[in-house]
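Across the two complexes that follow, subunit A remains constant while its partner is subunit B and subsequently subunit C.
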Partner chain A sequence: MDRSATKPAVGGLADKLALVLLATGTVLTTVAFILTFTVASPVIGAKVSGVELIGDQMIGNQLLLSQKIFYFHMPVAIASMVALGGTAFFGIRFLMTRDAVYDMKAKLCTEVSLVFILATMATGEMWTRFEWGVWWTWDPRLTTYFILMLMVFGYFVLRAAVEEPERRATYASIFGIIAFVDVPISFMITRLIPSSIHPVVFRTDSGMSPDMLVPLMCSLFGFLMIAFGLYRFRVRTEALALRVEAVKDQIDE
Partner chain B sequence: MAVTSHKPSTFAQYKTLLLKDLQREFRTRDMLSSMAIYALLVLVVYGAALSQTGRQFDILQMSGGLLWALIVFTSLLGLNRSFGYEKEDGCLEGILLVPLDRSVVFLAKATSNLVFLLLVEIVVLPLFYFFFLTTTAPAPTWPMMLLPLFVGTVGIAGIGTLLSTITVNTRGKDVLLAVLFIPLVFPLLYACVSATTVVVAGGDIEGIFMNSVLLAAAYDLIMVLLSWVLYDFAVSA
Partner chain C sequence: MNSVLQEIYATILPSAPFVIAAYALVWLVLFVYVVYSMTRFKKVESQVGLLEQSLSGMEKTGDATASVLK
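Presenting the complex of A and B:
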């Protein structure tokens, strides 16, 4: 039973770390949420025609409350992409070693990614509705991210359609690696196609003041920690389930 | 008497596998004829779909998109069948028993898929013109559309060969191929549609056309190389 060495350990350093990171991530995202609505300065949006009295204040520009979506939208999008990186990484590891543990980890990474992709889509949908005034537009960034979501759906459809575990693991790994190609494309597309209406955030001259940058960074690192925590807890659940199965088999024998 | 044997060159293996595919197809013409008829039927559906549009309707702006939708759906049909044949009578097992590099199998299969797709396109393109474009005057640059057509078809054949190898062993393979294939070729499709539309309807050849073709070619390169590398795992799983 030397293969037990490669089985995912339960209760090791990674699991303790996961608990700490999940807690820290929860605190950080909560702090980010509060800071977003209290400290972060509102963004000046489209000009109001002339100076008007809005909410007992003389205002020349409309201040956008919907811009607050951004503090959650970008961090969850980044987290979903990082998680998909995990899918590709464990896919490669599986093809190298043929160890079923890596396939399980790749699947769990994709699951975590799916959660964050859905969160990105939900917040993005609000953004397009309230900032751009449309429900959907075939903007390059939106489109590439949308097909990313479809590929993650496809990943699970593929897994469900293959019976043998070994073959399922191989096919899923291959598809996970190919699907990852879309991640850098989706990330870079707003830089490659300047006509895209989606703003480019990662740049040195993003014009974000510290009161905006702090909540954003809290949110970003918070969601990354939550993603890792979720992933690690899922690994733990699966590992325990495998152990229960093994014990059951032993009892049957 | 000593028996001498020599290992056939990689190119000879490739040629044999490719000729096997072509011979089998040209003996029955199963796949080609069904793809051609399917393409014709899609054109008929287009006829109904566009029948209520106005007289001033600008078909030239839409022709690139319609043509590529036709190509994608027709190639789905072909790709589905191309690997199904290998499964019959244990042909694939036979090929895998031969001590040859698996990437040769990929290259041969991708080339035969490419040949079939190009043949179907040769038939479909004049039909498309006949049904929809005779009343209009395409821009004089229209022959340049052959470039994105070729680049796009190479990508479709490359990605499709890997995916059809995967889906042939799954439940509900027809649907699954579409589910995996369409998102993966989407960037290619997007670039090819913009390149085709520009040369057919007229526009910024220097900028949009070259950029789109380069984008499509780069995506082709990445995807075909990845498929090539990963094919060994897919075909022996």
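Presenting the complex of A and C:
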């Protein structure tokens, strides 16, 4: 493994941008949260026995508050998938260059991905429990995403199991790339298997009105920015740790 | 509230705990990760401090050795 190149560039444009993005992401997600509960129209459910005038609309269906979970659930799921894309990208870069920095970056991408996977699972569980009446069901989307989560856990187990740095990095890179293969499968499964009960959101006829789309986009871009900010912060920390190790080695010599 | 409105709002209150829990859990997960990241950063920072201390100690020892040799 190329140890001479184990100094990732820090403090540059990416880090300055990360700080701005982290702050913007926090603001955007807060705005999304407020808009979700103030502006976004509630989704309607089952028909009721009559019609009532609420605001300036005639309502003849149940109003569903539980759908509000979706404004955070979908964006954190996308963020987890994008972060895992980073794992695959840096895994490929490592296999091409044998530069330890890419292995470190791949590990940190997976770490961020795991955080967002846990957030996705938590929000999904709340939705599933209330709307479907169960804590878990083997729906194709849920199953493929569960496999994704297990693979991310497996990635860290693999890293912990192999001591030799180069072998660990090689195995982890390959495993990270394989784990990423599940991302498009999980994303597309609701379209490929029509019997899936999980809603399909990204589609041309989603019927989402602007008052729903704006909070969703704020939340989506907000969480993507937070993910990038957290990732860069971890890169800075690990870069500092690498420098400390390098100085220690020099002193020992 | 009439019976139709009761039906319209029937799922609002029962679903509220789940909605609150979902949002709280997202922030909790992120908060835990931020705390973990900060802890790791502080640990590395303290290692830098220890290195600085040991380096200054080595310099002093070096100076003392040099003055003895003179």
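Here, the second predicted complex is superposed on the first by the 234 of 253 C-alpha atoms of A that agree within 3 Å, B and C clash if a C-alpha of one lies under 4 Å from a C-alpha of the other, contacts with A are read in each partner's own complex, and residues count from 1 in each chain.
Just so it is clear, a contact is a pair of C-beta atoms (placed from the backbone, for glycine too) under 8 Å apart; a residue touches a chain by one contact, two chains touch by 3 or more.
For clarity, every value in this text was computed on a predicted model and none was experimentally measured.
After superposition on subunit A, the partners subunit B and subunit C are seen to fit next to each other with no clash. In the superposed three-chain model, the partner touching more residues of subunit A is C, compared with the other of subunit B and subunit C.
When the two structures are aligned on the shared chain, A:Thr144 is found in touch with subunit B, with no touch to subunit C. Once both structures are fitted onto chain A, a short way to say it is that subunit B and subunit C open up an angle of 120° at subunit A, using Cα centres and rounding to the nearest 10. Using the contact criterion defined above for the overlaid structures, shared-chain residue A:Phe175 touches subunit B, although it does not reach subunit C.
In the superposed pair of complexes, A:Arg167 makes contact with subunit B only, with no contact to subunit C. Of the two partner chains, neither subunit B nor subunit C is touched by A:Leu35.
With both structures placed on the common chain, the touch criterion links A:Ala122 to subunit C but leaves subunit B unconnected.
Contact with neither subunit B nor subunit C is seen for A:Cys218 once the two complexes are overlaid on the shared chain. After overlaying the two complexes on the shared chain, residue contacts for A:Gly154 are found with subunit B alone; subunit C is out of touch.
Of the two partner chains, subunit C is the only one touched by A:His73; subunit B is not.
Per the superposed model, the minimal spacing between any CA atom of subunit B and any CA atom of subunit C is 24 Å.
Looking at the complex, you find that subunit C touches subunit A at residues 2-5, 7-12, 14-16, 18-19, 21-23, 25-26, 29-30, 33-34, 37, 40-41, 44-45, 47-48, 51, 54-55, 58. Those residues of subunit A lying in contact with subunit C across their complex are 33, 45, 48-52, 54, 59, 61-66, 68-69, 72-73, 76, 112, 115, 118-119, 122-123, 126-127, 129-130, 226, 230, 233-234, 236-237, 240-241, 244, 247-248, 251. In the complex of the two chains, the subunit A residues touching subunit B come out as 95, 143-144, 147-148, 150-151, 153-154, 157-158, 161-163, 166-167, 170-171, 173-175, 177-179, 181-182, 185.
By the touch rule above, subunit B contacts subunit A in their complex via residues 159, 162, 166-167, 169-173, 176, 179-180, 182-184, 186-187, 190, 222-223, 226-227, 230, 233-234, 237.
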